[in-house]
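We just call them A, B and C in the order they show up, numbering each chain from 1.
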Amino acid sequence: MPLQSTMIELSRHIVRTLLGIKWALLALALLLAFNAIFTDNFFEIRFQDGHLYGTLIDILNHGSKVAIVAVGMTLVIATAGVDLSVGAIVAISGAVAASLLVERGAPWYVAIVAALVTSLALGLWNGALVVWLRLQPIVATLILMVAGRGVAQLITDGRIITFEDSHLAWFGNGALFALPVPVTMLALVAGVGALLTRRTALGMFIESVGDNEQASRLAGVPDRAVKLFVYTFCGLCAGIAGIIECSYIKAADANNAGQLLELDAILAVVIGGTSLMGGRFFILGSIVGALLMQALTKTLYMLDVSADIAPAPKAIAVVLVCLLQSPAGRELIARWRSRRRGGSA
Amino acid sequence: MAQQEKGGQRMRLPIGRRDIPLIATAIVLAGVYLFGVLTYEHFASWAVVRNLLVDNAFLGIAAVGATFVIISGGIDLSVGSVMAFAGILIAKLVEHAGVHPLAAILIALMAGVLFGTTQGLLIWVFRLPPFLVTLAGLFFMRGAAFVVHSQSIGVRHEFVATTLNETLSLRLPLGSRGIVLPVTVFILLATFAIAWFVLRHVRFGRTVYALGDDAQASALMGLPVGRATVQVYAVSGFLSALAGVVFMLYQQSGDPASCKGLELDAIAAVVIGGTLLTGGIGSVIGTLLGVLILGLIQTLITFQGDLSSWWTRIVAGVLVLLFLVLQRALDALAVSALNTSEES
Amino acid sequence: MSAPPIEPRLDAPALLKAECMSKRFGPVQALDRVDFELRAGEVHALMGENGAGKSTLIKCLTGVHRPDSGRIYRGGRAIAPASPRQAEREGISTVYQEVNLIPHLSIAENIALGREPTKWGRICWGQVRRRAQSALDRLGLGIDVSRELSSCSIAIQQLVAIARALDVDARVLILDEPTSSLDRSEVARLFDVMQRLRGQGLGILFVTHFLDQVYAISDRISVLRDGRLVGVHAASELPRQELVSLMVGRELDLVEPVRSEVDSTRDAEPVLCARALSRRGSIEHADIQVASGETVGLAGLLGSGRTETARLLFGVEQFERGELLIGGHSVHFRTPRQAIRMGLAMTPENRKDHGIIPSLSVRENIELALRARGRSRLTGAQRRALAERFIRMLNIRTPTPETPVSSLSGGNQQKVLLARWLATEPRVLILDEPTRGIDVAAKAEILREIDELRRQGMAIIFISSELEEVVKACGRVVVLRDRRTVAELTGERITEQSVLHAIAEHHD
């Protein structure tokens, strides 16, 4: 009986999520259909040496980094906030891990734990500015956005630190359960996020704070603790993404690591159906959004669009999805529909 | 009832509470300069002042645009990309299409206005958050810059090299060898002067302040809120493009990969200059001081020699935080001052 | 509508006249054939309780709403303002309760903003200042116009708003609750200005909830109730008692004989006891105590401080002076969370902004406070059962427990809020206007439920602007007027008559 009702709840949640992200799903479907026609071997997946290979796996693999950050960003945005500093945290996390490993000769696990603890602390710092100094989230996280990359360069002393440690490199290049490690990490982060927010009251608190902060406080919801948590969690997610990024290229590049990542993550969340005004959030939607962005990028590459130009069409796609989701856009669609219905009647 | 008259003689707040951030900025600037003069031998020279202006002209112009947007309660993250786009567009038109530099500059400026207006319309008509629209704008213009040309193009047109960069520069008999101020410095100073006048003495400028202070009240007072919003982003687009032009003149080349993250420097300069990120309060004079502070820190780091350039960003971040805390503290002070004055 | 006798000097021509104004919003007839007349040189008070139609009438007069029917005449000429700006051009200016000015601009600029005189595009600041100065002089306000608006008290800001309104050559000035955030001396100053303007031949339409103020300044009073005009009287000829009963609308025949079984357990130890609570700008003096098994009513007109008292008790705002005892312990809540942990619960007056979380489901809205308190370790199934139990118990009409609460009717949303708090099994339940905007059947259900809770031993504080309900439901009634507790009635002494009397009573 409890299992059955849990299943019912879960399926209800999935249906709601799917409805919330119908535009993103539609775009993804269109993109896949486009590729099915115009790109050779797009859907081919091979199994070799315990690894899965193929374009789709590639998209999953490269989209994981943004998707992991997007999971954290989803919770922040659900409280009607935003975190602009994730790119900087990615750079710092990678810098901490690589410099400890190479310069201090620390074991790989110490490097990783230190990087994660650092990101956690930076997230907490953001949350503290929002909660105690009552800065607007954009403003509060802007500080770290401005200073963070400088801090990362301070840690690496302005150099690109390369390493050969196979353990650390595994996080970006290895495979676990036949899938690339970043994908497994994504599954792990998403799972933890989903567990925390759906199996405990936390998800409800996050939604209620983002939806109606005053009413939440009147109902006794610990709004400050909730906000501290989401920024800290987001920092941690960025830290994990930072380890994956530096592990993938086997180097910490303070200047370019996580560059423009905050944009990708925020856009993934918005495409995923979570409103920037806060409230209902869709972790799964954000992941779909991140993968959609990655699929778009991949498609553009396959069309011989250079990596430098790719941001332009991505920006257009994002603005279109946002317009469709905006109240004015929805009204427009409704009017267009009713006119068409009126015309056919 | 004996208190009936108290409203008329209510205690006045200390004059110029709003000026405190600006004064603080000026003190920081003076302090940084003094530190440089006392620490390094050749710091107190006209050459340093000249370089400060020349090296930061493009940042200053971009920061003026950011000042408009931030006072109106918005934010523009597309600045750096628009600059790169303007630079590469001019370089391409001049070097590859044979367009006269003046015409090319005009086209780039118009493109900036057009792009800014589009952002403003998306923000106003569809009520999308400014940071989201300009974030997408950042992506878009960066990509567009690479569409124009994927590599840096040197601008060797005679008009740019001689007329703009030499004939129009001014030699001042300051210091031992005299200094040369290029045209970019005059563009910078003119931009500040005009922006100051518009924000201070023109209806549009006052509407920008009102809009950032209380958008709802502005609408109820019958101010043209929508038009002003679009205009603010158009101004920012124009000034970003102008900053791109100045950067092109400074580098004598256009580069689609240039000016990454410059919007952050511009925003930092604006905040350090005492402008409130929530809108409604601020001035371009403060922004000028903020730009000079950032520039001086950069100069100090160069003089020090063994410090790296990333310290600029760290110091900028710390300064931004300090100024935000200062503003919070002043606000709290003002509220309690108002309360005690009402109680007395 | 025959006008009662009027003071002689008010035989002035009508500045503004509205005939037979009607306006309907969906099922609600907000205005029903209302006539209104404002003369030159008079202060005309518009009175009525919540939902009486005051703001609808004002909005029709100022072009915010288009009336469904009716005509408006300005100085004998028919007008149909389509926007506040058009109304302004007809000489009708409005000043709202919240000051709608720009806080960080100077006083002078706030008066001139959007219509500054310019020369070659440059604003002539000298002219701006001179005009502002003369506008303030006209109000008898000697204040430096270059001061920043936010450095002035709310009262001064209100006067600046009036100056801005008059700057467009207004003949009709509408003041919509201008005094609700002013203290006594500030009100006196505003009245000075109003008198001065009256002397200059302006017509002033004045909305307020404070009876003393109405009698201090108004020449005539129009009373609205349920969208209908129920009387126009010269202020000097309308006793307070009568004004209050016109506003509240006694329908004595509907009231059943006073409850037989509601007994007040006076001797019981109070669960909640508040002594002389005060907070500047909100409450001047509130005394209230409630024991378990008792329902105490808070009565008073709108703006008398009922809601503010509830907010102080629940820790939404902090009291500055006074003492609050819960179960004998002195407490000073800094957040509602602390109040909840001590066993308090409150359903707020503003259900939409302070109560429901619209996008959450009915079940989640019910669970919210219980889970936020954090002591319960209920499984998902248990929580669903809990929600379903309350849905059945309070007869909440919802398709499923998973329906978003925003799609429920007002009455059912109110029941959801009630369920949210009942789930926490509170010792003290504060209900602020639990029956507002709810249909009759749901109202009765909620009242029955409240009495059942009392019987089970809960201590209940009940706030309602409907006297009939207060009288029926409460064993004791605390009456508030002008932000102070002014009377406490018990047992047999609670009748609509006596409560009305306490509300209207006049002290000097």
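Structural remarks
Here is the rule we use: a residue touches a chain if its C-beta (ideal position, glycine included) is under 8 Å from a C-beta of that chain, and two chains touch if they have at least 3 such contacts.
For clarity, every value in this text was computed on a predicted model and none was experimentally measured.
By number of C-beta pairs in contact, chains A-B lead all other pairings. Seen from the Cα centre of chain B, the chain whose own Cα centre is farthest off is C.
One simple way to say how far apart two chains are is to compare their mean CA positions; for chain B and chain C this gives 46 Å.
A separation of 31 Å divides the Cα centre of chain A from that of chain B.
Looking at the complex, you find that chain C touches chain A at residues 314, 316, 335-337, 340-341, 346, 348, 353-360, 364, 367-369, 371-373, 379-381, 384, 402, 420.
Contact residues on chain B toward chain C in their complex (touch as defined above): 1, 3-8, 10, 12-13, 17-18, 197, 201-203, 206-207, 209-210, 213-214, 216-218, 220-223, 280-281, 334, 338-339, 341-343. Contacts from chain A toward chain B in the complex involve residues 82, 84, 133-136, 138-139, 142-151, 153-154, 157-158, 254, 259-260, 263, 266-267, 270, 276, 306, 308-316, 318-319, 322-323, 326-329.
Remark: chain A residues 1-2, 5-6, 9, 12, 201, 204-205, 207-208, 211-212, 214-222, 279-280 touch chain C in the complex.
Residues 84-85, 88, 96, 100-105, 109, 113-114, 116, 118, 121-123, 125, 142-143, 147-148, 150-153, 155-156, 164, 184-186, 188-189, 280 of chain C touch chain B in their complex.
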